[in-house]
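Scrolling down, you'll hit the structures one after another.
The same subunit A turns up in both complexes below, where it pairs with subunit B and then with subunit C.
This part shows the complex of A and B:
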């Protein structure tokens, strides 16, 4: 499937056909990782499961947190091309993802296939809702820097909307950009929280409106901080449109542990699984797969990871399937909704008068 | 006393009816051990708890109320005075300062009540993050203290709260004759930095772990009904407090001479899985994920022989190829995760235990057999109880007789030495 997965239409396959192709590839990956990652092999052996799954549902999955506690690699050290890390806040453990050239290339090809479906094949002028310093130091890349760099492949002459670490808006840069490109399609990208906090709310406060009716805003990075302010996707979209005139707004769900296979929100507000990835909702009580509309833990499957055993990962997010081959936008496959992070359990037991134990 | 210390003391909130005034405490007399007032107070506290339906539904609180009943205290009192003879008179130590754990947990109330019964003046610091359960318990305690009969106790029992403040901890420690520290290694290490009064002593409860020891043959002989009863007891030991209490079993050691009988174990774990359904509301989605992470981490460490395929995720069970209990204890996430290991004989057990091992809950091995082991081997363990009683509090806890720890002995030369 390695090559065909990039040739077939990214949202064109009905679910049953897609599953057949994906299952073959994922089974191959399970076997590949058992052979090449000692840690992965030990897990599979302990669980006593077969590497040859009969359905996507049976592909053995790893909890994504393992990438924070262990460096899981399926390549010899000399093949290591890049080490991706997640952007954790201070004190938090970060994920470490080992890439070789091949997997890195798969990842960028995958993003291209997906984004072209929303942005078209032409590169269009790009406005990045962040500051230039995030991508400057290429040796210590955070997920934020890597995300921006990846997306720069789709834009032309990128302009940064913020000045520097102060997150101050660079009005002269924005005004010049808007004047120049107001009447053509443009691509805006930023992390959800950055877009909200340093762009939308600032524009609102300063009542400085811009008008980009042909703008396409793509954003990602999680809703946690916005949910604390009771801002959901609908409010987000309304207020972005109110300050900027942008109507095409696409959130996407993705993670550093599966770069490339991102799930983008369509015009109808649903997240779509592309041809080389899928999503499965698991019932935490027994790991069985949940039906349409049933809440559970999100598992993500990806055909891309060869350099590390991350082709089937159990996230720590809750979600539900919203449909299969049924979205009014016409894209095939599964659609889903992310509900949020799994709620933390309360602290129990005789331990710790003064501190919480990291759980 | 310098002024800044007084200022800090003002940040203490007293939750019981009598305001804590540190200077007043110093001249206050202690009560005699097992005074009528302390016994009546315990009985009244027990009765009032049982009258409150909102807390009566918590089994651990019912157990506390039960423990405080006169009949039980009479037994404890008798045991306490058994060693009193003409040369030994027991007395209270003075001021006891207790640090309760942050999370809701009733166990520190036992040690507080024991200290109260032997006559000490008690200051109990509870966390401001404590939940409703504790709030209601303190409310009940205060109501009882407000009864005129208990005026002498009201001025000797203070439940307090203060935000993390080393100066307050330091000030209170300085006057404490006994300091009781619950809350595990971190709490013990942190609070121990502050000196006690010259004659003061610490009674500490650092991190501990516990295990179950089951005799395979005995379990194999159980009928389905008997097995269900055993599993129910095992689940009560394990799932209360989310398997995070010091006495909750984390490991299960099977004792099995002869060829390994995997069927008996599989049958037991299936039965546990069924019995655990009683606790299904208390295990959250994130707990299931945590247990999967723990299993995979130990597998990567190479310790796992196999993971059992269970009907649900309520009980997560793995078989070890090496009894690396220290590693398992460090990774333990609770909520029903068990690691089993098979011993050929009980004599192998002592070398698997560490200074952190606290309780063995056991089935199929007689108390006489355990006494023989304890007498003839150096064994790191504090309690050995039948399955089902792992969490049952006793005045002997963590290797200490708390009644003794909280009191002092006045030696009076025996009659024959007098002239």
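This part shows the complex of A and C:
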């Protein structure tokens, strides 16, 4: 499965076929983690569940929060290659995700395969809505750094839109970039809150418009902060277009606990599960799987994590399935919508880091 | 300067390592200097030196010096 999982079409498999492949891989991962992580084995044994699930919704899942309180690893110390941490605002615990080379490689390959579907294989000029220092510490990346780095594969000669930790916009860099590339496809990437606060609203306030009709903006990191300002996806898109002329805007849902298998919003505004991953909505009262359109807690499944037992995780987000093999964009598999954080969940989001930590 | 030498120089420059370390067997992520950040610098350097445009598949496949040679050959860079 490992190698072939990158060869099958990312959005080409109808759900029943995809589930068969994914189930095989996830069962293998459960067994692998039982054998290699003592802590994980104990949890599985205590729950009394079988490692061999008969369907995706029987794959034993862990609450995502567990990675904040425990360092769960399925590799010997000497194989430890990188430690990913979530953004962790002040007073909050951060998730710690142990990577070996293989899992890190799977993650970058997955992101590339997924994004090729939206951006093409060619690398195009890239404007990063962040500052260069965020990828500076190379041994331990924040979720923000890892996200930017994964996307940089698509960028030819990437340019940063912000100067440094002050988040001051770099007009000269942006103007030079726009002059040079406004007639060709360009790729913009940033975390949702950063794009909003340090790019869109700054352009609005300074009435400095730019025109990038061929631009494709990809952003992620969660809506929590923007919801406080009553800004949702629709308003976000409208205002991005108004200041920049960009009409192709893709949000994606993903988390540091499952880097690589991201769920990208298509042209019709739906989040899509790629071949390496899936979503399941669970009823909070009995953990049963919810049907199409029913609200519940989002569980994410990923074929990638070998170095840590994170292949089936119950998130702290609420969502609903919007369709199966039925999106008008033609991509197969499940589509879903994220409604928001569960009320009791600790407030968190990749792009929240800056304000509280002053980074 | 022939292409073999150009390639070594490009690796040395992008990864900031001595040319002596650069052999065909050198692998991505096997030394701390050749990590994902340096990989981006390497790609840019190879594109400049050989005047080519690599695509995203090339970037993931470029997992060793040997692989880099193979990929460059695809773009008509010859290593005799």
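We adopt the following convention: the second predicted complex is superposed on the first by the 343 of 359 C-alpha atoms of A that agree within 3 Å, B and C clash if a C-alpha of one lies under 4 Å from a C-alpha of the other, contacts with A are read in each partner's own complex, and residues count from 1 in each chain.
Operating definition for what follows: a residue touches a chain if its C-beta (ideal position, glycine included) is under 8 Å from a C-beta of that chain, and two chains touch if they have at least 3 such contacts.
Quick caveat: nothing in here was measured; it's all calculated off a predicted structure.
Novice: What is the contact status of A:153 with respect to subunit B (first) and subunit C (second): first, second, both, or neither?
Specialist: So A:153 only meets subunit C here.
Novice: So in the superposed three-chain picture, is A:297 touching just subunit B, just subunit C, both, or none of them (first/second/both/neither)?
Specialist: The answer is first: A:297 touches subunit B but not subunit C.
Novice: Looking at the overlay, does A:133 come into contact with subunit B only (first), subunit C only (second), both, or neither?
Specialist: A:133 sits against neither subunit B nor subunit C.
Novice: Which of the two partners, first being subunit B and second being subunit C, lies in contact with A:314: first, second, both, or neither?
Specialist: A:314 sits against subunit B, while subunit C stays out of touch.
Novice: Report for A:180: first if it touches subunit B alone, second if subunit C alone, otherwise both or neither.
Specialist: Once the two structures are laid over each other on A, A:180 reaches no partner at all.
Novice: Looking at subunit A, which partner touches more of its residues: subunit C or subunit B?
Specialist: Tallying touched residues of subunit A, the top partner is B.
Novice: Between subunit B (first) and subunit C (second), which does A:70 come into contact with in this model arrangement: first, second, both, or neither?
Specialist: Once the two structures are laid over each other on A, A:70 reaches subunit B alone.
Novice: In the superposed arrangement, does A:24 touch subunit B (first), subunit C (second), both or neither?
Specialist: Neither subunit B nor subunit C is touched by A:24.
Novice: Of the two partner chains, subunit B (first) and subunit C (second), which one does A:285 touch, if any: first, second, both, or neither?
Specialist: Once the two structures are laid over each other on A, A:285 reaches subunit B alone.
Novice: Overlap the subunit B and subunit C contact sets on subunit A and report the shared residues.
Specialist: none
Novice: Considering only the defined contacts, which subunit C positions touch subunit A in the complex?
Specialist: That would be residues 29, 32, 35-37, 40, 44, 47, 53-57, 59-60 of subunit C.
Novice: Can you list the subunit A residues touching subunit B in their complex?
Specialist: 39, 42-43, 45-48, 62-63, 65-66, 69-70, 284-287, 297, 314, 316, 318, 342-356, 359
Novice: Within their complex, state which residues of subunit A touch subunit C.
Specialist: 81, 101, 104-105, 108-109, 112, 115-116, 121-123, 135, 138, 149, 152-154, 156-158
Novice: Under the touch definition given earlier, write down the residues of subunit B that touch subunit A in their complex.
Specialist: Touch list, subunit B to subunit A: 99-105, 107, 127, 131, 164, 181-184, 186-187, 190-191, 205, 207, 241-246, 248, 280, 284-290, 292-293, 295-297, 299-300, 302, 304-307, 309, 311-314, 318, 333-335.
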